[in-house]
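Written below as structure tokens is the structure these notes are about.
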């Protein structure tokens, strides 16, 4: 039973609330990723689970057990730190064994556990070395190993890949996912990297300003962001946001974008909310990958006239920066190559890919 | 090196024979055996331990002598074990009383007895000396009167029993002496100075090594008719002190005189670079050991002053027993004192260590142990013999007892030395020493 | 300017002059030790000579005699116990207080820091007598403990440890907590082992200071019960200063541990002393 | 970009720092950890610092206040009486300190300059000379003072051998009221200068080499470069050297005691010519057993040292660059 529950947890540092009234459950065997920009409170949330921070209010539950005021050593959790925090004066073996030795495990059991973890992580040949004699990737594996040997109820990981170079990070990500499948243990994982979050998570918790913005599967977070923050934070580049006014064209709902009118087909899920909105304004979001760019307007789908300002060729795709009006810009990700800038084009998209947010609360209409 | 050891072996053999033949009979009164018997039963396995603090390090002949006596004592007294600790006992034993960890007995100077008395640290020896296991009256009567007087406080309490008697005398290097054409030792101060000048001129060695302490000026002062303490008032600004200072100025500023101090008294002499050395009897064996047989060392007594007689200063160390010791320990300590001051042991003490014996009654034993060599000068026992002569002269003085004695002595010495160094006139020195010493006595000054 | 050709040779001369001067300086500073060695192995005839004999004659009789003059084994044992115990005490108090001042927030921490710094301002000479009085009332006179306790805490050691602990990353503490360590286990297994250079510095400085300790043991020791080597040596010279050979041997005997430690830890020792001055 | 930041409620009263090792008990733990150190220091530094003033007002008996005799400021009056020798001890101390500090700094700086590494690495000779100069500093003063007593023996010592080799008259050294203190100084200079060398070596290595080189390029010779470039960089260390040198000199005890006959009445001879205040204090309390009087000496010594340190600091601040 390795379920971690934050029950109305807040954490204050002096006059600042790092985490504000969070209620969250990391379910058994789940790979829960806390995602958010730096300073959003995700690390503090994790450290409270570890017992390294005391919540200012609220409760922490491990399974059924209230562990709010229980020392870390009595929680049976393991943690992987961003900087690994390996003990510099100990060999890899001793680093792995330290926790077990403190728990008065028999020497034979310690040896077995350490060798087992080392074998899984490919550290056998490094056991006699000290951390400073290891590469970044090796250190990262030792840090993982140190967490694994104790076979804890759950793993807590604080940006464990952030100190690796891009290639290694991608490799390790895969290993980590495999490891999770293999260990079948709860993992709570903190990152600011949405790719890690999307690829690894069973569920993602998006945080900002000490508050949970949205909890959901990667797909749900991607497809149905509950507010503008989540919508923009997930995806690279972030979702295009356009201020619109609602109008009617031939009796049908249309969005007025800058100087252009965008007629919309009926039956979209958010339309009722949009129509009943007090204000006639809204923010419309559309992901760059859902935009199509063409020399001529597409028939059957809403199209907007634009001008290419800048092109970023990426090889397998191209980022096209577009001006609608002087103050209205869009980014499109297209498989087509657009070698020239400053040419007029048409932008079209499937209206089902539109996200509409209340301009004041920034909350998605479909979530209301 | 070899000669010293062989000589010591002979002496020790003779010493143990003496102890067997004469010593035991004389020193063991009839009560002693029964005392031994009663304690032997219960304490044979655990002898009464008597810790003795004294400053005779094994580095010199005196140290050897005291160690020999102690080991013989421990062998012949199975119920007692004396354990010697070499330490500057006079100062340290009092500190140990304060620390609550004093020894059973110690050898201290007779001046510090005031501080010890104030601390209530010492056992009164009267009961031991005159009690059933007392000191043999034959010897008691023979103890040098000035020495005996110095062992009492002004109100006639006795905490001290003599052991280590220092009296001043002069040593000379016989070979240099001969080289300079001198035949007989000097008998007056002017002769002494003349001889020193001749020595220096003829041999190139330093003529006279004088001392820098009260051992030096105090006897001179007394032999000039001085006495500085009458009851409660001082008599320092006197013609006798003026004469004394003048004499010292002349002597110490003479080209043939070298003023020696604590660390440098023996080296020159031992190297044969010094004609005459002012020292005390106990230094004789030490000097001879340092000389190591390179040349014979002669001795002559301190010349007389204007009074026509010499004044021999008794300074030295005495046994004390600490009140904090158990009655059994005190009794055992007294047994050791009696043993040490018995003729047989005094003979060892005098011949090996070079100290004169405490009593006229011991002189025969010393002579017997020294044998035919006793009268030889230069000779191995010349230091002891001259010291005995000085003690027998009757003109022995002891340091005047007073609570601020050390301070007063320091004042006098400082003033004398200032005058010698021509930092002030004799009359200023006399006035200063009187006023400053008075300040100490009245408690207005402190150091 | 005019003699550009002469310049390199001038530089060479200067270099050799510097080497010669260094040799003279080194010789001058080592000469007293060397002469003590010569005296300690001199024959009787070679001691009181003028000019002094500077060639050793390798007569070890005085070394043999030194051991009969005083129970050196006992005195060395005392000095070793005193020095060792002081080192342990200074390390323990220094680690604990340094850790608290670096990592444990508690009310009054600033006050404690101020109080410690104020303690550095008190000259030990000036409080010699009250120290003696305190030692008297604590029954520490004439004891080994009496020579340890007054030196059992060292402000400098506290600050050294504090400085070091402040440089340790918080993650090490977090990681060890996750591994199940309590604060003392963190100290024992992580912080103190990492502080080995500081431990070494404190050990060396305490060793040097305690082995050379003189005035305090002179005052508080009386008999043989707690006498350390330096005091014993001082007395030996007092009892008969003319035994140069034995005194030289005894002096070298008490210097030997210092020499050994110096040879083994020279670099660290010098930098420790340099660091000591900077506080 | 707008974020959904919830409004911040007011903070709760208690916040525990991020490094608190034990929750909720950190207050007690901190005190518990500093307690051993404070206890040692309290017993043998803080309490005595207060006690010394109290004792100085009594004819002190070790047993305690109740058996001691109140004398008020009498001891201080005695200190000022020239007969007591205290004022003379201050003069001797001033002479000793006044000679030792400049000499040890000058010699220390000179030696540091000599053994300073010229290249990027230390040569074996430089290391050896450094060690030779430093070694005396860590030796016990008694052992080395005994050797110096031999050296200053008027008849057979090395000192007079050197003088006679230079055709200079032999000196009495420790037996002379004029030369005893210089003899002690020579010993202590030899003993302590290594510390100054270490101090100045560290400072010299901090002098930026490029600035010195720039000065050379500008045509400055060695002396000019030293005076204008290096000396200003040394001034903070110079201040430190003066303060530490003064403290060290004022506290010198063992070597003076041993060389001037401490075992025969506490040292300071001949004729009190080497009786520094440290020796005077020792003799007052532990030769003559006037604890109260000695405490008064201690109080004055305390104030003098404090005054000297403050004065030096004040003067130093005015003349120190690159602090």
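Letters A, B, C and D mark the chains in the order given here, with residues in each chain numbered from 1 onward.
Please note the rule applied: contacts are C-beta pairs under 8 Å (C-beta built on N, C-alpha and C of every residue); 3 or more make two chains touch, one makes a residue touch a chain.
Keep in mind the model is a prediction, meaning the values are calculated, not measured.
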Most centrally placed chain - per-chain CA mean versus overall CA mean: C
Most widely separated chain from subunit A, with each centre as the mean of CA atoms: B
Subunit A and subunit C, separation of their C-alpha mean positions in angstrom: 59
Centroid distance [mean C-alpha coordinates] between subunit C and subunit B, Å: 40
Centre-of-Cα separation between subunit B and subunit A, whole angstrom: 98
Per-residue overlap in subunit D, given as positions that touch at least 2 other chains: 16, 18, 62, 149, 155-156, 263-264, 286
Residues of subunit A whose C-beta touches two or more other chains: 71
Where subunit C touches two or more other chains at once, by residue number: 48-49, 136, 177, 219, 235, 237-239, 241, 244
Subunit B residues touching subunit D - in the complex, by the definition given at the top: 88, 91, 94-95, 98, 115, 212, 258-264, 267-268, 271, 273, 406-407, 411, 414, 417-418, 421, 436, 439-440, 444-447
Interfacial residue positions of subunit D with respect to subunit B in the complex: 62, 75, 78, 81, 83-85, 149, 153-156, 172, 174-175, 177, 261, 263-265, 269-272, 280, 283-284, 286-290, 293
Subunit C residues within the subunit D interface of the complex: 18-19, 21-23, 25-27, 29-33, 35-36, 39, 47-52, 89, 92-94, 96-97, 99-101, 103-109, 112, 115-116, 119, 121-134, 136-138, 149-153, 155, 158, 170, 173, 177, 183, 186, 208, 211-212, 214-215, 218-219, 230-231, 233-235, 237-239, 241, 244, 247-248, 251-252, 254-255, 258-259, 262, 266, 269-270, 273-274, 277-278
Subunit A to subunit C touching residues, read off their complex: 47, 50-52, 71-73, 77-79, 81-89, 98-99, 102-103, 146, 150
Of subunit C, residues touching subunit B in the complex: 44, 48-49, 61, 68-70, 136, 139, 141-142, 219-220, 222-225, 227, 235-244, 246
